[in-house]
Amino acid sequence: MQPKTRAPSLILIGIVCGLLLVSAFFAGCTSGTTTPAATPPATAAALPAPAAPVATPAPVTVAEPKTTTAPATTATPAPVYTYSEGNVVAYTAASLSGVSPKLAAGFEKMYPGHKVTFNLAGTQALKTQVVNGAYADVFISASNAYTTELTKGGYFETGSVKPLTSNYVIVILPKNNPGTIKSLSDLAKPGLKIAVADKSVPVGAATTSVMANLAKTATLGKAWNTSVYSNIVTYETSEPAVASKVQLGEVDAGIVYESTYSAGKDKYVAIAIPRAVNYLQTYTIGVMKQSTSKGAAADFENFMLSSAGQQILEDYGFRSL
Amino acid sequence: MLEAAITKELRDFTLNLSFTVQPGEILILMGANGSGKSTTLNLIAGLLYPDAGCIRLNGRTLSEPGQGTHIPIEDRRIGYVFQNSAVFPHMTVEENIAFGLRARRLPKAEIADRVCQMIDLMHLSDLTNVCAGNLSGGQKQRVALGRAIAIRPSLLMLDEPFTSLDAESTSTVRNLTRTIVRTCNIPCILVSHQSADSREIGDRVLQLRSGKAVWEGSPQDIPDDEAICRCR
Amino acid sequence: MTSAGRIPEKYRRILSHGAAGLLILIVTLYLVLPVIALFFRTTPELFLASLADPLVISALWLSFSTSTISLAIVILVGTPFAYVHSRSTYPGKVIVDTLIDLPLVLPPAVAGFALLVLYGRMGLLGQYFNMMGISIAFTTLAVIMAQIFVASPFYLRQAKSLFEQFDQSYEHTARTLGASKLRTFLTITIPLTASGLVSGAVMTFGRALGEFGATIMFAGNLPGVTQTMPLAVYVGMESNFNLGLTISILLVIISFVIMITVRLVTRNEAHHA
């Protein structure tokens, strides 16, 4: 047809694109330091960063003293915002998915006229979103490591970060226990399918910790640890995803939070992990510096820390601190 | 010799024809658009299935619905030249002409021989290795004709072969067609609506209207063909 | 109309060329800038260092092997299917036609969930496979099945439309010359529709390579077994930013190279034809 006009224009396109790519690379060379505090400098060594946090609550600001046994009818602090700022966007760890409707109702009851909207996802995903500019009024984190990271990055309103609640880790099995698992040592049975969360997800990091602890015990040991790891068929990207694989019966066991089990006793059978080797995940709540409804956000934090909020969490299996 | 008795229910009318074509004879099939000319060729070639009747070529039954006989297209040994020549654009002239021979798995030497013959016959010698897609209309029709004859068919059919050709190419291909038919002594059906074709190379003419033969005779006696061709 | 009230011819031409050029620039930049931004976020040293990471290598290998297998299956099964479908009429053809497009409108996560509910060990069919000792979910096979499900429409629609529009006189001629149906299909139909089929194949490969939602639902996320490059990017973004970035850049470069190569190859074929 018209071979003459095709070849030169194609070469031209190729050269232009090649130039673009090359220039971008060289730009990357020189602008390597222009990235904001977003990129965690500690992981620049390009190795998979094991998040294994220490099994104690991180040193955050001192929590308000509260009594968990007092009835919920104590006077609530008066709202400190104008009516128009009554909407709260709460970036919340996915493990609170089940309890979130109750929390929303409780918040609206305590502070009539406000609404809270939850953005539920793995804490790691939420952190990435916020760091890349997403808007949130409140951030509920399931991992001290991420809370520290955000605090260091100056994302929280000073003094607003408080411990919220906590959760232990537990093993759940489908209701009909297809793998006939009766104890933790059974998890090493060959041919089992186990689901856990990826180590970037807070409960995944907790799982790694717990597995390491269990490997040190006399009854289980390293061989058990290796066998269990070889039974893992998937590293999910959020805690509810692990639970749903168990609920569907597609895996024989999953490692999730105790709260998930407490809220779903009709769906699962559980095998408890002894406290001594377990990992207590601490959740924190904080108001975001970028928030334009700081008053409402503070009210939400108050609600969550109040006996009303704490009771709702406890009813869902979270452990108050 | 071709003996065709065809009945087929079509959308607008029923095709009902019966005719014979002798070896070395060129039968011109004339008629307005949609009168069933191309359908007739397709039925003989085996691309369509008749509802009733019998098609026999040199005594061999190609199609007889009553008896459940239907020889597959590729076994009928019919050379068919389409209106648009349908030369394979991704192959050279040589490959086009050799196609049918290769399909029949003839020995290489014989293929080369026959292809050479055809190329000479069709005056395509300087185009042997040219991609068929780059040829002119007249050249394409010569390739199509050479390709059809290379397989030594027992019947040659051409569907409006000269429509998109200029006067000179038309004349060339017409003469080639007549030469081949007479030399190979095979029956030939040529569908056309140009009366010049009938006059130049037709031995007999069959006029169709709505699937039925309305006139049959020799080319000199064609009655007011323009009026018949224009009517729908 | 007098020329007094209109913009002079010279300026109208400049204006229309300028507008066209601006349009092209806007579209091109919108597509290209996000990709370039990826490159700006890393340095060549970091990038090259990440390349040696076993996670990157296993994700790369897994993605390419599964996508290639998926493509091969789609082409081998889909081409004859599209041909038969386009050449025949049968009751329910319209329904089949619509079903081919179904994966296009289904959200990938839904597709993955559906596959899990069908082929998982508790699934409608999966339970029988399980009884025979065959597991499908959480295996590399599941990755391939998910890819085939979401990517096949790209090839099937293209092939179907190519065959429908293909001038059948070529095929008819070949048959009368003595070629069987199969020979006609292989030596005439395929070569003449090849460049269209290849472009359908490229889209299919790209879609399979980028598949995420259905994969993570049905196949899970296990490095070396089911962690394809998109999954590694997603997981890497949160735990190891540079790893995620490296894999993203790799995906871009490789996809670009494949597409350009294919375009060049098919352009040469078109010349020949």
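Residue numbering begins at 1 within each chain, and the chains themselves are lettered A, B and C in the order written.
FYI, a contact is a pair of C-beta atoms (placed from the backbone, for glycine too) under 8 Å apart; a residue touches a chain by one contact, two chains touch by 3 or more.
Please read these numbers as outputs of a predicted model, since none were measured by experiment.
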| item | value |
| --- | --- |
| Minimum number of chain-to-chain contact steps, subunit A to subunit B | 2 |
| Chain closest to the middle [Cα centroid of all protein chains] | C |
| Most heavily contacting chain pair (counted by C-beta pairs in contact) | A-C |
| Whole-Å gap separating subunit A and subunit B, where each centre is the average of the chain's CA atoms | 77 |
| Averaged-CA centre spacing for the pair subunit C and subunit A, given as whole angstrom | 33 |
| Chain centre separation (subunit B, subunit C; CA means) in Å | 44 |
| Where subunit B touches two or more other chains, by residue | none |
| Residues of subunit C defined as touching subunit B within the complex | 167, 169-170, 172-180, 183, 187-188, 191-192, 272-273 |
| Residue ranges of subunit C touching subunit A (in the complex, touch as defined) | 32, 36, 39-44, 46, 49-50, 53, 55, 116-117, 120-122, 135, 137-138, 216, 219-223, 225-227, 234-235, 237-243, 246, 253, 256, 260, 263-264, 267, 270-271 |
| Subunit B residues touching subunit C - in the complex, by the definition given at the top | 45, 47, 73-80, 82, 84, 86, 88-90, 99-100, 103-104, 131, 133, 144, 147-148, 151 |
| Residues of subunit A that touch subunit C when the two form their complex | 1, 3, 6, 10, 14, 17, 20-21, 24-25, 27-29, 31-32, 35, 39-40, 43-44, 46-49, 51, 122, 124-125, 127-128, 193, 195, 198-201, 232-237, 245, 248-251 |
